[in-house]
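Same chain, two partners: chain A is paired with chain B first, then with chain C.
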Partner chain A sequence: MKVSKGYVLPMLLIIALGAIGFGYAWWTEQLVINPGTVNTGDLNVKIVATGTQWGGPGMPLWQPLYFHIKASNVTASWDLSKEIYNPPCPPGAWAGNTLTITIGNLYPHGYTQVGISFPVINIGTIPAKLESVVLTVTSGSELVPYLKYYFGVKHYSARNATGHRTLLWSYFTGGESVPFKDFDELDDELYSALSGRVLMPDEVFSFDGEEGEEGSIGFRLIGTTPNEFEGKSITFTLTFNFKQWNA
Partner chain B sequence: MKSKMAALFACILIALAVAGFTYAWWTETLTISGTITTGELDVAFSDTYLTSCSDYMECTVSLEDGWEPDLSGHTDMSKMIVTVDNAYPCGWCNITFTISNVGSIPAKFTGMTGDVPAQLSVTLEGINVGDTIAVSGSKVCTLKIHVEESAAESTSYTFTLTLSFGQFNA
Partner chain C sequence: MRFKALHVLVPVLLAYTILTLYKPAGLMAYFLPIICWGFAALTVLWVCGTEKIQLWFSKTVTITALLTATLQISALIFAGLFTSFGRSPYAFTPTAIAINTAYFSTPIIAMEISRATIIKSCPKKRIFIGIALTALLYTFITIPLVRFTTPKTPAETAKFLGSELLPTLAQSLLATYLALLGGPIASIAYLWTLKAFEWLSPILPNPDWTIKALISTLIPAIGFISASQSVTPFTLMRHGIITREEATRRFHRTKKSTSLSWMAIAITALILLWGSTGLLGFQPSIIASGSMRPTLEVGDIAVTVQTRPENIKVGDIIQYWRQGETAPIIHRVIQIERAGGITYIVTKGDANNAPDEPITVTQTVGKVVLIIPKIGWISIALKTAISTAASYIQNNFAVAITLIGLASAYSAFRIHKFRNQPLNKLRRRLGR
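Take a look at the complex of A and B:
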């Protein structure tokens, strides 16, 4: 009995060593995936301020940012925030998220209207689509019932090998020949018109009007605007929210 | 005197007996000359692979020779480099590749470990722990990379995966 007890410890040691030896005995092999790198793209849609450059007959390469004023004595100015200098467009241009327009001395008349043309360009690397358009009147809302709008927008392709764009699609609310629409419906119609479109990198939503066409986003006061609204101002924000194309 | 003579005689007899004893045994030698050559546990990526991605995303793959000594003299592509560009949330890339057993012992897949950032989801399909790849056999696998919603724009995320194999009878 004493002898068998004496063998217990050595046997355990042997078993332990055997187990260690057993573990080391197995061969192993490894394959590695290293490095795996995922570089995310850039969702970047901007309003671009630039001069006129034509990409072909009737095809603006870079639609300029400018006003259409069909009235005398009406003043208008614009300011575009500068988030990006020298975007991928002509030298001297810049791109921003916020376009501020100021229209002064507007008065009611059937043909008195002011519109602004501007391009919205996907300068990122990921296709974008419109998520929402929000119109917020921050002051002077009493003018809303008397203010009307129209707009026209065109969807241009990215530049081709020769640097030209092609017209893919267009939408017009109608200009002088069609009654202007109620101002407070502007965001809904913009969204309705553009929500199904995917703006690919370098493509353009251009709010513009060629010769003989109505375009841009324009405003006018209806002829029955009461005298009490003389000298009044309305301030509003029109926000275009874009999201990645597959959201 | 008689006893001395007897002792001397006895010694001589003993010496002779010893000498006679030694010479008396015949000898024969059997030799077993053994050579044991061990096998090679070796798996590698095959040089053909396919990639497919969400629209506008791009994926490139390259293979490199591993760091292990190459016992058989063949190219041992045991390192895969994956690069996905222009990724965006909910975008994906699949890389279909083949793992070949280029050794001489069946290899058993023992698991995958890795370091993957939270902004990515990376899974391997086509092979399960315990699967054995026969000698000269192969397994077609798909590495699925999915970009999570938390991924930031214009950012680079890096992951590392290690596919471990053991001998089939382990």
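Take a look at the complex of A and C:
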């Protein structure tokens, strides 16, 4: 009895400290409360930076075009003008839930087209569903009116006993035959396409198709882009926030 | 008894194997783990028996376990104050809370009863090996297999080891130790409190993985020492942790705070070390020039906190890197301009006549939020002394070697004399 009394005071102090910190975190406007959800051990959906990407037709080969993928702590970059026809594939690496994409040295004449491919995997233990997709342009926002996109995404099952996945569903905004869409609508369309899907543990939303096929995100600078934008670059982030699925 | 340990291990391994091989869809994704772990929990409870659990129960150890869990949660919240918080990804409807509570509680109950039975049946002579192996086994059961099997870069492997494997192992070690001293209720009290906070709190601290790893490894280590302190030396002796001689020595020792003092020193040293590297979200820097006089004097310490670029305003003192420089610069912002989609910041030292070359926001480290006067002189004096000694050794190598040799010889002589002192005294007393 004597020992337990001795523990009551420090325990109360620690609980009080925790409560004060928590209350402060809840109410203050000074404190950083991210709009996104926190990844935990059981609910954990990650983008995997695979490094497969492509440069589209119509891009003059002499035109240097570079492309960066930066996902949280993992940074990978390639010079597409050199590696486009023989792309290296660095080993897969868990990244965060945000991709930072830089499309640089854009060439307004004809059209310049680049694509990015990446899978989003549920490495947690419980089902997840998309809560929001946030598109933020960090630099080069003046290019937004001239930038178009299309994307295709495939939903694959968890690996079976032999390590293979089954295609469960796919979505495609359109490629060559369908006009590209306005860049600032990308996050809305990604969300509306994926929000109804439940991503079970080990399942994948894959943006990993070949050029022009289902399963990738492609960007194009339209041919009517004014000449003053030649050589400019645009950097933006795509954040995928997931939450628990509970029917 | 060891046969019983095998019996409690089988249901746990069976539940783990079923859930690793079979991944059901829909609501069964929740119900199958609850059913499997619930069945495992009931089986191990039946094998172990409630009387045993009551017999093993220790109120002091359980309170220590609760305190350790609360301390760990408080430390994470405290770290969140310096970094960020985020919304919980879990659902909070009454049904979801009920399902989630069952989902995270059943494996803890099953695993902790089996853990306690296994560690209690371990031979006393090999108790430390038993703790280590049991902790390892339950670490591998806790972390999903997919985290181990996915190919990773060296950086990602380091992150996995630091952020997942090591903290889980530290928590598993503590849980095993608590189960040994206070039975399954003590280890359940520790692990369940941590899980309950993670699953039931609407806002969660979201510090960098480095800080999470530090807290999740350091606090269990503190819990380990606290658990040892919370029981009598003879209890530790009974479990094979210490010898009879050590128990008797500890029982008669008047100064109880030795390990606590070492713990305090170790924690302070770790926090200072991590703090100085900037891993805790703030970075102390020693002012080495007078360009910011009178605000910052040489020898002051400026504490910088990582700041979003949009929160930097004219008048703020910021820290930034300039290309080609070997150390960051701390100057005041006098102008912020935006051109061609890029934000440029112009800074100037308070004592300087001219502004610096403009920098971009990507070069900034953060904003200075605290100035500690003069403390940095200790570091400057130490650095000066070390560099003076180093340059002296470089310039007078032969003299330095002779001095070091003489000092070593004198030390060896003193040690030899000290070691023989009791023997000499005894010889004198015996008249020899």
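Quick notes
Everything below uses one rule, namely that the second predicted complex is superposed on the first by the 142 of 247 C-alpha atoms of A that agree within 3 Å, B and C clash if a C-alpha of one lies under 4 Å from a C-alpha of the other, contacts with A are read in each partner's own complex, and residues count from 1 in each chain.
Just so we're on the same page, a contact is a pair of C-beta atoms (placed from the backbone, for glycine too) under 8 Å apart; a residue touches a chain by one contact, two chains touch by 3 or more.
Computed from a prediction, not measured in an experiment: that's the story for all the values here.
Shared-chain residue A:I47: touches no atom of chain B or chain C. Of the two partner chains, chain B and chain C are each touched by A:Q244.
With both structures placed on the common chain, the touch criterion links A:S139 to chain C but leaves chain B unconnected. In the superposed pair of complexes, A:P127 makes contact with chain B and with chain C alike.
Once chain A of one complex is fitted onto chain A of the other, the partner contacts of A:I101 are absent, as it touches neither chain B nor chain C.
The larger set of touched chain A residues comes from C, when the choice is between chain B and chain C. In the superposition on chain A, A:I116 contacts neither chain B nor chain C. In the superposition on chain A, A:L147 makes contact with neither chain B nor chain C.
Of the two partner chains placed around the shared chain by superposition, neither chain B nor chain C is touched by A:A193. Once chain A of one complex is fitted onto chain A of the other, the partner contacts of A:V204 are absent, as it touches neither chain B nor chain C.
In the superposition on chain A, the residues of chain A touched by chain B in one structure and by chain C in the other are 26, 31-43, 125-127, 201, 244, 246-247.
By the touch criterion given at the top, residues 3-4, 7, 10-11, 14-15, 17-18, 21-22, 24-26, 31-43, 73-74, 90-94, 123-128, 131, 139-142, 158, 161, 198, 200-202, 242-244, 246-247 of chain A touch chain C in their complex. Across the complex, chain A is touched by residues 21, 23, 25-27, 29-30, 33, 59-60, 63-64, 66-67, 70-71, 73-74, 77-78, 80-81, 83-91, 93, 95-96, 99-100, 103-104, 144, 146-147, 150-153, 155-156, 159-160, 164, 198-199, 201, 203-206, 230, 341-342 of chain C.
Across the complex, chain B is touched by residues 26-43, 125-127, 201, 244-247 of chain A. Chain contact summary for the complex, chain B toward chain A: residues 41-45, 54-57, 66, 68, 78-91, 99, 103, 105, 107, 110, 114, 120, 122, 143, 145, 147, 151-167, 170.
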